[in-house]
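Got some structures for you, see below.
Look for chain A in each of the two complexes below; its partner is chain B in the first and chain C in the second.
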Partner chain A sequence: MAEEIKAHITGVVFQIAAKTGDAIAVGDPVIVLESMKMEIPVEAPRAGTVTEIRVEEGQTVQEGETVAVIE
Partner chain B sequence: MFRTVLVANRAEIARRVFRACRTLGIRPVAVYSEADRDAPHVSEADDAYPIGGAAARESYLNIEAILDAARRAKADAIHPGYGFLSENADFADACARAGFVFIGPGAEAIRAMGDKTEARRLMKAAGVPVLPGSEAAVTDVAAARRLAEATGFPVMLKATAGGGGIGMARVETSAALERAFAAAFRRSQAAFGVGALYVERWLDRPRHVEVQVFGDGTGHVAHLHERECSVQRRHQKLVEESPAPDLPPATKAGLLAAAVAGARAIGYVNAGTLEFLVDGSGAFYFLEMNTRLQVEHPVTEVVTGVDLVVSQLRAAAGQRPEWMQDDIVPRGAAIEGRVYAEDPAKSFLPSPGTVERLAVPSGPGIRVDSGIEVGSVVTVHYDPLLMKVIAHGATRAEAIDRLRAALTGCVIEGVKTTLPFLGRVLAHDGFRRGAVDTQMVERGAFNG
Partner chain C sequence: MGMKELADDLSSRRSRARAMGGGGAVTRQHEAGKLTVRERLDELFDAGTFTEIGILATHAGIAPDLAGRETPADGMVTGFGKVDGRLVCVIAYDFTVMAGSMGRTAELKANRAREIALTKRIPMIWLIDSAGARIQEAIGSRNFAATGTLFREESIMSGVVPQVAAMMGPGAAGTAYIPALADFVPMVRGTSNMALGGPPLVKAVVGEDITAEELGGSKVHCEISGCADLEVADDRECIQVIKEYLSYFPSSNLARPPVVSTSDPVDRQDPELLTIVPDSPRRAYDVRKVVRAVVDDRHFFEIKPAWAKNIVVGLARLAGHPVGIVASQPMVLGGALDNDAADKAARFIMLCDAFHLPLVFFQDVPGFMVGSKVERAGIIRHGAKMLYAVSEATVPKLTVILRKAYGAGYYVMCGRAYEPDLIVAWPTAEISVMGPEGGTNIVFRREIAAAADPSAERARRVEEFRKLIDPYIAAGAALVDDVIDPRETRPVLIRGLEMAQGKKIDRPWRKHGVMPV
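Up next is the complex of A and B:
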């Protein structure tokens, strides 16, 4: 079942840590946001395969916005 | 004296430097990013120049844009504030080449202290105690393991180009070293462009005590006593005070003498701070030197009566300070609380937003250095410091009580702030007794 991974804070995408097709474990960083000089990972809520990355490096994302999808 | 000074910074520290400029009859000029077009520091300056996009690297870290603004403003000198380009030796050099006085130390001192292993080497040579660990930078895990085993676990891995806690990791065992080394190396490479690390012994529950120094440019280095800054999260300070509570007299005397000796050994000019860790026995070790004005400089100003920014401007203009070492007599106690747009309930995650309501505290012995007003947008692009509230009292207890009362009267709506956390620190029994260490916040000592 597909699950959307949402940003838990507002920030700028600093790094995309996983790519489409990657198998990831619960707690793995999917993207890293930068906000107010802090790097904050957005982590996988469960294990799965990344099917979609919806953001690009340098893009601003709002709290609650979907950044990736895992299945 | 200078006629025009450009302040290459934003928010509270830009406004703080403007005040010192006006004290000396200098015309202060601001720069601003696209995100800061309506910021208080812009409207408050005599003149203001746009320097680029919201991201710091496009504006407040953009050396060419800042120098261009300084030319247009016909500035004589540039004050870097703290953060951004304040400890960038290439910027200090570029200012000099472009004909502007850089208000701070010489580029060589910035460069030497910015390389943390070189700083350790120079301080050790000057007789300043350093923590056991690296003599030089390490770039591979095998070298790090040899050093860590010789030093004894746990150890700290730190970035040689570091600062602000970036690329720092505590390593418990030899088995954990490889992974920690790779992560710290990568983070340091990303943040500073240099991955090299160094190894230092980890101390259990140390205090962070630092010494304010000032070099007048004629070979004299004075100290302006110490600041206690142990209440920290992620190696970033939240509460600072002067004097340090319950510091053994021999430790205090040793710290002050070591700081002056260290600064003198590198021919230090202008304001700077040597940071130390103090262990349970009162022994102290050099951590690093900040070759700039510190965020927490007001606590020193309040207890000594010296305006450090005015002193910086005078020294940079070639004037002798109006005070000598013997004139520096601390009076009472001062304590500062940093109000950040962070949510203490969510492990201090950033809380961007718009300031919708604001009540700034006041009262006897209260000073507020603020960067915000109603309507200010707190963006993700910059440090989340909103304001600093500083209290002065005849005793430490009075200073703490005054700060508590002031923070109770401080209202900031629209963003989450560290105000409730600061209230818990000031009410905490251990803190009030002066029993502080740098690991208290992470241990959850102040959780409500």
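Up next is the complex of A and C:
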């Protein structure tokens, strides 16, 4: 079942930590946002395979925006 | 009638009251996804321990349109019983009887229940599912002038006995001040709401078209306003969290928090603690992982988890002893404190202090937020609440500096000057008036500007600055009690708690301080 991973804060995408097709575990960072001079990981809420990364480095994302999808 | 007939008559009166608002109203209650008030109480109390008072009550007979009708138990079930073996008092509104509206008789019943809770020092629980005051009985100056007792008494009971107000339906108008003055407020998603003025009044007064859910549903109060503590899925989960909340508290401030046995070893050293905090000081992590790795059975009962998320507060146990946890959350705003975070932490600290729950602080705080937005919203005033609360607290206080301990953030998170009974630092700790980058820019502004290569000079100065904020310097001056291996955190905290159990601090006499609210 697909699950959207949403940003829990507003920030700029600092790093894409996983790529499409990667198998990831609970708590693994999928992307890293930069906000308040901090690098803040957006973590996988459960284990799965990354099917989609919806953001690019340098892009601003809003709190609640989907940044990736895992299956 | 003979005694047998009288007894039968009594029995049928009670049966009528237990039928609440009747079949149709009970069906509608269930269809709304709610349990009835009596089903809720069955869930709450240990089997067979509930003693109801006021079951024979009915309306006060002053509203002409109620003539000839009964309002079973006057729309409110009150009494006392045991929750996990300990007495609690309850005031539970019955929405099936006139929408749970508060009538004059019900008010007398509630007064009686509060009197029991206060004079016998047992926790007070409200289950709120009420349209508010029963206007038919409250209208007119004669009827209204004497009312309002409940909020005064609830204020006086605050800190004497635990007070829980569960939102299990509407809580309109004045009823919304019951949760406002209570210690713990769970809200059921989808069925509960609270607002000082409901949608019709809002429409009439300010012209806003809004639903009760949008105005004061669980999402509004658990995520935006901070007026509620925990969003729960349904009535059963709501009752469950009330029980869990109470399990951490003594029955009153005259008793100590209940200690439970645990199979979690006091000397457990969780290797995960070596990897949670990232090597880079710029990298965030979820501080709740640290909390769970340290507390008994990794179990943490978080309060207000969805509001002011830059600080984490909640209840847990160490070696079976309840403690309050206050932890910076680097995942949100880098753990910087703002108005709501200070407010959330201050209130939680006062709650724990009132009921003798020791406080454990986990610091990774870059300081308070700055800028015109927070200044205009009064961050000085809100930040002061946290300073005030942590200064006032005389319960055992233990501080672990995980990483950043910057500026006033270090103070409000129980730095050395705020009477921690034990203050320890992880080797990653940085104790400083401000961070290396910001500090360097201010202190060495001229040198950096004058350098041939300003950015190289800045980098060099930042490195020098960083060396000065090393925790071994503070430990070398005996200003932190120790630098610890992260894995030692649990055993160190448990020993600190044991040491601090007999803590006794006397304050100068005063009527009360002037809380910077």
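Criterion: the second predicted complex is superposed on the first by the 71 of 71 C-alpha atoms of A that agree within 3 Å, B and C clash if a C-alpha of one lies under 4 Å from a C-alpha of the other, contacts with A are read in each partner's own complex, and residues count from 1 in each chain.
Heads up, the rule we're going with is that a contact is a pair of C-beta atoms (placed from the backbone, for glycine too) under 8 Å apart; a residue touches a chain by one contact, two chains touch by 3 or more.
Note that the coordinates shown come from a computational prediction; the quantities given were computed from them, not determined experimentally.
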{"item": "Fit or clash - chain C, chain B, common chain A", "value": "clash"}
{"item": "Partner chain in contact with A:Thr60 - chain B first, chain C second, else both or neither", "value": "first"}
{"item": "Touching partner for A:Met1 - first (chain B), second (chain C), both, neither", "value": "neither"}
{"item": "Which of chain B and chain C A:Ile9 touches, first, second, both or neither", "value": "both"}
{"item": "Partner chain in contact with A:Pro41 - chain B first, chain C second, else both or neither", "value": "second"}
{"item": "Colliding region between chain C and chain B, picked from 61-69, 97-105 or 241-249 after the shared-chain fit", "value": "97-105"}
{"item": "Overlap of chain C and chain B interfaces on chain A (superposed complexes)", "value": "8-9, 35-40"}
{"item": "Touching residues (chain side chain A, partner chain B) in the complex", "value": "8-12, 15, 34-40, 60"}
{"item": "Residues on chain C engaged by chain A in the complex (per definition of touch)", "value": "280, 282-286, 289, 309, 330-334, 336, 366, 437"}
{"item": "Chain A partner contacts - residues on chain B that touch it in the complex", "value": "55, 164, 187, 190, 234, 341-342, 349-350, 352, 380-384"}
{"item": "Interfacial residue positions of chain A with respect to chain C in the complex", "value": "8-9, 27, 32, 35-41, 43"}
